[in-house]
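Below is one structure; the comments refer to it alone.
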Amino acid sequence: MTEDATITTQHIVDQLGSAFPQAGIEPVAAKDPMVRVKPEHLVEVATYLRDQAGLDYLSHVTGIDYSDRIEVLYYLYSMKRHLGPLALRVSLSRENPQVPSLVSLWSGADWQEREVYDLLGVVFTAHPNLKRILLWDGFPGYPLRKDFQGEPEPPFRHSY
Amino acid sequence: MYGLGILKGLWVTLKHYIDTYIGDGIFTVQYPEERLPLPPRFRGNPVLIMDTATGKLRCVACGICVRACPNGSIALEVGTDESKKKFPERYDINGGTCMRCGLCVEACPFDALASGPYYELASYRRQELIYDKHYLTLPPDKIPSYHAR
Amino acid sequence: MWDLVYDLFPKISQALNAFLRGFLPGWGADLAVIVLVVTVLLLGLAALFMVQTWLERKVIGRMQDRFGPNRVGPLGMLQPVADGIKMFTKEDVTPLRADRLAYNLGPILIIVPAMAVYAVIPFGKGMVGADVNIGVLYLVAISSLATIALLAAGWGSNNKYSLLGGLRAAAQIVSYEVPMVLSMLTAVMLAGSMSMVKIVEAQGGLFGLGWYIFFVPIGPIAFLIYFTCGVAEVNRAPFDIPEAESEIVAGFHTEYSGMKFALFMMGEYIQAFAVSAIAVTLFLGGWQGPVLPPYVWFGLKTFSLWFVLMWLRGTLPRLRVDQLMAFAWKFLLPVSLANIFLTGIGISIVQILTK
Amino acid sequence: MLKTDTIVVNMGPQHPSTHGVFRMVVTLDGERVVNVDPVVGYLHRGVEKLAERGTYLQFMPLTDRNDYICAMNNNLGYAVAVEKLAGIAVPERAEYIRVIMAELGRIVNHLILVGFLLNDLGAFFTPVLYCLREREKILDLFEMASGSRMTCNYMRFGGVAADLPEEFLPRARKLVASFPAFIDELEALLSTNEILVARTRGVGVLPADAAINGSITGPMLRASGVRYDIRRVEPYSIYDRFDFQVPALEHGDSYDRYMLRILEMRQSVRILEQALAQIPAGEIQTRLPKAFRPAPGEAYARTESPKGELGYYVVSDGSGNPYRIKIRPPSFINISILSQMSVGWKVADLITILGSIDIILGEVDR
């Protein structure tokens, strides 16, 4: 990758498609540049983005439950070249959500992936320490899933 | 030089020490005896405004505040009076779950709610934290935030 | 009349002795006076502890732009009494699986040496518990006994924080003992005696202003080293690492509650006051001073040093344990050794000149 | 041969210097830290789930309670995110008010940090109380404007909740004018103090590349020498109008992290001076429909909170309730590097490093 100052995130998105033809690169219409990737190619695409495209900073990892699928988002920026954002998305099945972990690329992904695992039940394969982080071990279910049923809220009572 | 920074720090504290005797160094307010004036916008738990002329509540029991409350702390029971006008038969605020965000006051389209001036709210029993209509009713001149608007 | 005020306490004791001799044999009267004086001294130390805590809270409060305690009694003066009542009525908890012997011995072991130190400190002219001719040696020997108490407390509590605190305390006190003793030697060499009374009397020149701290440069250096080591010896800020509350909660007294905890505090405060008193005796001329009565001078000087201790506590953060040790061994020890060397040379020169 | 053993100490959840309910399982070899295993979650309230339950506006008071030291900055972050999602413009005066509040919030946060860092270093409450005294004055301003000292709930989508009261601007100007003198005094008390320097210089060094790799943001990152401030890189609100510097220091040790906060406070004062001088009259709120329903879509907006990058990822499904709100809390991610930074140091340094990271458990656990 050239150290061209005029390079924009859009260029990176364009190049990504040609660099990884088999990775299912598919731009997503959104407010920020966003690309959907097949989960099994996530690590190589992310490695390319970090090392070649210079997006060296993983801002955050998020999971969203869309009722029919679970998507995991990775927001990438470049700190050195003030580029970004470029978001990577992976779609996963709700029954068996599995995605390779990016801890080997960004140590900052460690706790965030644990949080997504904790709250949404996405399994990050090859994560060194995939345990619940905010909730306790043995908590039933994954609270941020839309079909999560917690204990029913007590109604507003007038006497205690 | 080694020790100079420490001496500088010591000088600062000594200055503060002397200031409390000869200057206005003391900053604390002796709370139960001295009280700071309540700012007009102070956000206590909401109170119902009573019209001083008629002695009736302005509230028409529309229920917008109940829907605006993030915590569901308001319980409203609607009643109708002789002239078929709606009024709050019961209007309870659960002070234990109310977080004094003031969204109900903002939502009220009739200016019937205002942020109250109450701030010493500790109680021994949770039951005492449920404020009923009589506790919450105040005339406008007792409500600092009402005049601020 | 002025004579009476000037020598108030010795006069009282003499009068008492004379009064008791009226109906007691001579040895009996002496014994009674000794018992009385010791009792008054011990009670006085307990009262001193209360005054100290009150003063410290007031002074540090003022340094932090607040009043300090002012609710109980006038100016909050009854606050220590209220604290005392609280401490007495609190539940005394012994941790499960504590080493009970060590655990219970800790508070006692810390209070006894703290009080025993006062036996040789001259509070005024003729006001000394025991004028021993090895006074300084006694001081050093007694005051280092506190290490055992802290270790016992740290070990006995069966708590990891306590253990760390106890070990830190032992390491710290043992290290700081060395430069402290060496700096005390300066005063001993100048006075030519180990007796506390003699050391004070030797500083009586220049209308009572011949204090060793004015013997530039050796006096101030020795004083500063002694005072620094003294602060470290009694675990006060900035050397309070054995009870560093932000790191190891409360160190060796984490598990103590009620009166045992109060005894620890009392031991520390009384020791801290003793450090001020010893510094005054050795370097600031003890009770020597113009015009004012000796005990007033002594009190003034000691409380000024105590103010400095509070002031340091109100200002400084604490050192780290290895920095603390490095400071003792790499800085204080060589400097105090050099200071002794200088003192020796100075004394020899003066001796040669005056021969 | 001497046989030694490591001991495991549970620091927290009740410990004087973990700043809340935070636990560190520390393995110690004597005084040396062999391993740190941070345990969080004691304050987990499920804020992200609570957001899905209410309307967009009803989440605003909950943002106060994430980083409860500087609620204004959290309000701002959420408001900016929803405005980006729904495409709402903000009136000029409201933007200025937001900047004033955010910078005051930054000063409050840094005051607390400096004060409590010194407490962790063993100062007996004096720096804390000096800092808290100044903080009180700022909280008075917050209370004057919003009605609450800490849980301000002041920002609204497309503006702020209420216009500034009349006496606000004179008082704020007076406070800002007197503030540099206070920072000077604080620096005289602390910055050159040999004990503070000895305790923090070279302790807990975080190299720049490790910081970037660990997603560290905010003052921690800038103390490691990366000049990256979202106010400058991706200006939100009206930060592009103000003349201020982004301070960065090179060592990345605890002293630099302390010093950077002092420098940032000075820059905040600069921004405040300009904002208080330029603030125009006018509207403070864009009128929104009674039932606020943004079009379906997703938006991520990030702001520079005092602790680092504070982002809100808001997903709308077209209804009145947010479909999903993800908070990117700066201190949750900053604290994750603690064990990497503190292994090999003494217990006392561990506390120093933790104090210099600047965590708020309300935000870490959410």
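For reference, chains read A, B, C and D in written order, and residue numbers begin at 1 within each chain.
Quick note on the criterion: a contact is a pair of C-beta atoms (placed from the backbone, for glycine too) under 8 Å apart; a residue touches a chain by one contact, two chains touch by 3 or more.
As the structure is a prediction and not an experimental result, all values here were calculated from the model.
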_Chain centroid nearest the full-protein CA centroid_ = D
_Result of counting contacting C-beta pairs for B-D and B-C, higher pair_ = B-D
*Per the centroid of Cα atoms for each chain, what is the distance between chain A and chain C, given in Å?*
63
*Distance-wise, how many Å sit between the C-alpha centres of chain B and chain C, to the nearest whole number?*
52
*asked:* From the mean C-alpha coordinate of chain B to that of chain D, what's the distance rounded to whole Å?
replied: 27
_Chain centre separation (chain A, chain D; CA means) in Å_ = 24
*asked:* Quick check on chain A: which residues sit in contact with 2+ other chains?
replied: none
_Junction residues of chain C - those touching two or more other chains_ = 63-66, 314-316
_At least two partner chains per residue is the criterion; list those residues in chain D._
126, 130, 133, 189, 193, 195-196
*Please name which positions on chain D make contact with chain B in the complex.*
54, 57-62, 64, 126, 130, 133, 136, 140, 143-148, 151, 153, 161-162, 165, 185, 188-197
*Contact set on chain A toward chain D in their complex*: 30-32, 56-60, 62, 64-65, 73, 75, 79, 82, 85, 87, 106-112, 115, 119, 132-136, 143-144, 148
*chain A contact footprint on chain D (complex, rising order)*: 40-41, 44, 46, 48-49, 84-85, 210, 212-216, 226, 228, 233, 297-300, 302, 309, 311, 313, 315, 324, 326, 328, 332-333, 336-337, 340, 365-366
*Hey, which residues of chain C end up touching chain B in the complex?*
59, 62-67, 70, 311-312, 314-316
*chain B - residues contacting chain C, complex*: 6, 9-10, 12-14, 16-17, 19-21, 25-28, 30
